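Below: a set of structures, written as structure tokens.
Same chain, two partners: subunit A is paired with subunit B first, then with subunit C.
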Partner chain A sequence: MPKANVNSNHSAIWHKTVVYGIVSVMLLPILATLVYSLSSSWGATILPDGFTLDWYGQLLSDPRFLAAFGRSLLICSASLALSAILVIPAIFVVFYYFPKLDKLMNLLILLPFAVPPVVSSVGLLQLYADSAWPIVGTPWILIGTYFTIALPFMYRAIANSFSAIHLNDLMDAAHLLGASTFQAFWLIVLPNLKKGLLASLFLSFSFLLGEFVFANLLVGTRYETLQIYLYNMRQTSGHFTSALVMTYFLFVFLLTWLASRFSAKPAAISE
Partner chain B sequence: MSYVNVTQLTKRFGDNTVFNDIHFTVEQGEFVTLLGPSGCGKSTLLRSLAGLNPVDGGEIWVNGENITHHSPQQRGIGMVFQSYALFPNMTTAENIAFGLKMKGMGQQEIQTQVQQVIELVALKGKEKHYPHQLSGGQRQRVALARALVVKPRILLLDEPLSALDAKIRKHLRQQIRDIQTELNLTTIFVTHDQEEAMILSDRIFLMNQGKIVQQGSPEQIYTQPANEFVAQFMGNTNLVSASAAKQLFNLDTPHKVAIRPESIYVKEAGRHYEPHISSPQLGVIKQHQLLGNVIRYQVEVHDCELSVDLLNRSSERLLANGSQLELLFNLNEIQPVSA
Partner chain C sequence: MTSSVINTQPRLRQQTKVKWLKLLKPGLCLLPFAVFFYLFQLAPMLWVVVNSFLVEQSWSLDHYHEIFNSSFIQQGFRNSLWLATWSSVIGLAIAVLLVSSLRRINSKIRDGVIAFTNMSSNFAGVPLAFAFIIILGVNGALTLLLKQYGLIDSFNLYGQWGLLAMYVYFQIPLAVLLLYPAFDALKDDWQDAAALLGASSWQYWRRIALPVLSPALLGTLIILIANAIGAYASVYALTSGNYNVVTVRIASLVSGDLFLEPNLAAAISMVLMLILAFITLINQWLIARSYHAKS
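For the complex of A and B:
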């Protein structure tokens, strides 16, 4: 059927055009930033005067940048570790003992989205300003806040992994074979969550790494994270900040790629 | 005292009674089936025996020991689930070894035992496969092996064949029965499929609405149904009212009367019939269905529609709709049944 073939070729070309068009529009600013970060100077001319890696050299040898990057990694890892440790057992309890609570949990995890960051950070500032815990301006308040932002991503991904296994049957089978509830959780449930957990961790990580509003309002320069550093460097050379943005992008790309690698293969389900 | 004794077992969910006052015994090495329509409480009863659902009353004794309030881990009962419930993160060998590991058995001993049971269920060569790499029948055999390897006192099977297609199902049910016989394993099987129950079981406990309505060998349950429900649940049957029974069989009874479609004959000219065969009744064929080796005719006799099964011996003997025939009834096979 040559005609149908021609038709499908046409539509394929059309679809590809749209997809590549959108991709190139979205890549354009990133590519421009990349070129700018690699050029020695790019002023009144159409093309840059020359290319150099100096800006990257400057950036990567700036101890302030390395410290800010380190702080960001530390805060993100700490909040994600906290959320993994708290959320996984919580979801297990919800799914295994109180399945009806899943609906309530789905509402609860939407709360961080319902309140705009500026509003909730002002609220947090007021709440903790005179509190017995003087945590405003310390990384601790940021870890706690990031925990709440990561919660929806973590909960959904892990809850999906839970629904993909026959949790009750697996637990029953393990119990009958002599395992305690803790052993069953540790040896059977946890390994089956691994893929969903890793994917959600990498995604949340790259998301939290780019967080600015909470970091700026709650802590600001008192604990300079990557985004605050970028903000404070806005007056310096555009080439330098471009190099900074590209470094950050590369890191996030790497994380996103890892996340998609882990979620690409669906978890082995006995169905 | 029997190997398994269940007395007055009762289970309620809120106001809803799942099963009530269940009594039965199972001998060592016996294969019994809990048979019943879905929602009759048979699966919940099985789960209660395993300790997965607590009971609200009654006792379960196994080998002289009261296990009613033991945890599932302490009961020494193996179970195979309809969903297989294999651990997706473990290979065949690891799945089977799990129970032995939980017992704290040594690595060497575990390997020997796992190998033995893998041979028993014919899964050699699949040791390193993960559950998602196995077919449905293979998965269920892994589940069976996993339950067998810990040498349970009782094996419980919860509709293990329901998710499989017809051919594998027939093969696997024979395999289950062979292994059960070889190990002389006390087995309780749950199914809603009366054919499966009749083929496999030494005894059948037929359940309806949370009660065991009849227990006995497959022959007893099929030929002597205790009530209307049993008669209709086991295979096909004609239930005729008391007044129609008077007309058709000249039988005085306050109950309805059951007669199987295969116990009704078509009168053939020149053939001598035994005295237990009734006098002929004139009937008209309303419709017929070809079931393969059997043709099922719907015949109207005295305002009463009966199913009559005849062997499909040759296409020339196929009777057309609307044709008249004389029916004979095997009077030894008619059963008055209470409601």
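For the complex of A and C:
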């Protein structure tokens, strides 16, 4: 027995070293950005000279930043609202009326993963630049493309909630009690999806906020979103951009935290 | 009801007609989804496929010829594949190490690390490039530290090694999140059983754990490779589009200031997609031959 103890002690130390080692390397860029954003100047030395909150003050009083942030929030909210409106009824119809279509849908939602955004942009630019529907350079095209980016995550999350609720039994019960299909969907099914939906919405929000490829190629400075603003600020002070990155990251942190709060509960029940 | 034998033909037909009408309304609910999906996902893809074969409105393979004759475009493919392969392999190896150790430590720390990984998977693209400039740029803290201890003479963040470091960084969280559930397949007793039978830790990993995990490892590897080949924001932000990878080539042909050649960009995109499809096929073949398929 003592030998086994020594062994497990050794392996416990090994596992801790591995985990802490890798996590600290992963933390390094984030911490460095944080320190940089808080330091008054950090030239050709290993440690900064002094600390200040000026960069955050400068950032938060920059109307261009506030405008870009507002635009990003607006576009992300709009595209997620659009996704929810399109995806939820579609999944309901698929699960309730055409269960066989689920396989096809699972294949289709892989496409936004499989086709890199740069490739999609090639087609999007040509189709919507000088056509009858010239939406390139406007926020509209971003709302449409962000729908495709969010689709795989939203579809999977909502479809999982659907498979968890015994849809057919619920609908039959509601019908028996005199509800129309629409009423049953609105009053019974939708409230049951709330948690899965909210978790997937916050999660999608956090990575849509970081989307750069479509924003840069399809719209660019004509409708400056947060990521484009960040990129355009690259020539200014590194401290300023660090404060910008940290503000953005704080927001993402908040969103992922909200997402995990909503998704943690069902997981705990299933365990 | 349709399976009953007494149904006469006309009644059956009437029934199917009623059934169709009943399904028409729900079918219409699918329409908005289908329209948007077509407009923003399928139509652009179709445009790329068709126009890669078009030169001045007529069918031709000229764009593909151009790719095979242009060393510049081929260099882009080579760089992309080099970065994708190595960043995926290294990222996967680090993730395996991390996940296998994660499963052996206290669950509170484990949950914290998973939450952190979840978050850091969002630390990609432009913000990540900026963070790398701060720590590994010419005057970056880490560059200076390593220089002071004489470990490096200089570090060029804007070349292949700097890019590889950044790629590995954004591959690790993705690999961890994909692999973590797969490690459920390994029972804790197995290692003890193997040890009782005299196997070393290395033998356990080589003969038992890795074969069991191989489908998950291969599946993760393919997603990592696709992720790296498609990456654009981070390279573009780090090098302002000066490093030649295939996504930067494609983007510069459709959105640069001069020499716009969308059809050539479409052909390059097609080659890129073919390479991805080819890698996926090999991967599927390997998975089919692996441990789980045999048992």
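List of remarks:
One rule holds in what follows: the second predicted complex is superposed on the first by the 251 of 271 C-alpha atoms of A that agree within 3 Å, B and C clash if a C-alpha of one lies under 4 Å from a C-alpha of the other, contacts with A are read in each partner's own complex, and residues count from 1 in each chain.
Throughout what follows, a contact is a pair of C-beta atoms (placed from the backbone, for glycine too) under 8 Å apart; a residue touches a chain by one contact, two chains touch by 3 or more.
Here the structure is a predicted model, which means the values were calculated and not measured.
Within the superposed three-chain model, A:202 lies out of touch with both subunit B and subunit C [touch as defined at top]. With both structures placed on the common chain, the touch criterion links A:178 to subunit B but leaves subunit C unconnected.
Touch criterion met: A:169 reaches subunit B, while subunit C stays clear of it.
Within the superposed three-chain model, A:230 lies in touch with subunit C and out of touch with subunit B [touch as defined at top]. When both complexes are overlaid on chain A, the residue A:95 reaches neither subunit B nor subunit C. By the touch criterion defined above, A:65 reaches neither subunit B nor subunit C.
When the two complexes are overlaid, the chain among subunit B and subunit C that reaches more residues of subunit A is C. Contact with subunit C, but none with subunit B, is seen for A:118 once the two complexes are overlaid on the shared chain.
Subunit A residues in contact with subunit B (one complex) as well as with subunit C (other complex) do not exist. Subunit B meets subunit A in the complex at residues 47, 50-52, 71-73, 75, 77-79, 81, 83-90, 98-99, 102-103, 130-132, 139, 143, 146-147, 150. Every residue of subunit A that touches subunit C in the complex is listed here, in rising order: 11-12, 14-16, 18-19, 22-23, 26-30, 32-33, 36, 42-47, 82, 85-87, 89-90, 92-94, 96-98, 108, 111-127, 144-145, 147-148, 151, 206-207, 210, 212-213, 216-217, 220, 227, 230-231, 234, 238, 241-242, 245, 248-249, 252-253, 256, 260. In the complex of the two chains, the subunit C residues touching subunit A come out as 23, 26-27, 29-30, 32-33, 36-37, 39-48, 51, 94, 97-98, 101-102, 104-105, 109, 113, 115-120, 122-128, 130-135, 139, 141-142, 144-145, 148, 169, 172-173, 226, 229-230, 232-233, 236-237, 247, 250-251, 253-255, 262, 265-266, 269, 272-273, 276.
Of all residues in subunit A, only 165-166, 169-170, 172-180, 183, 187-188, 191-192, 194, 267-271 touch subunit B in the complex they form.
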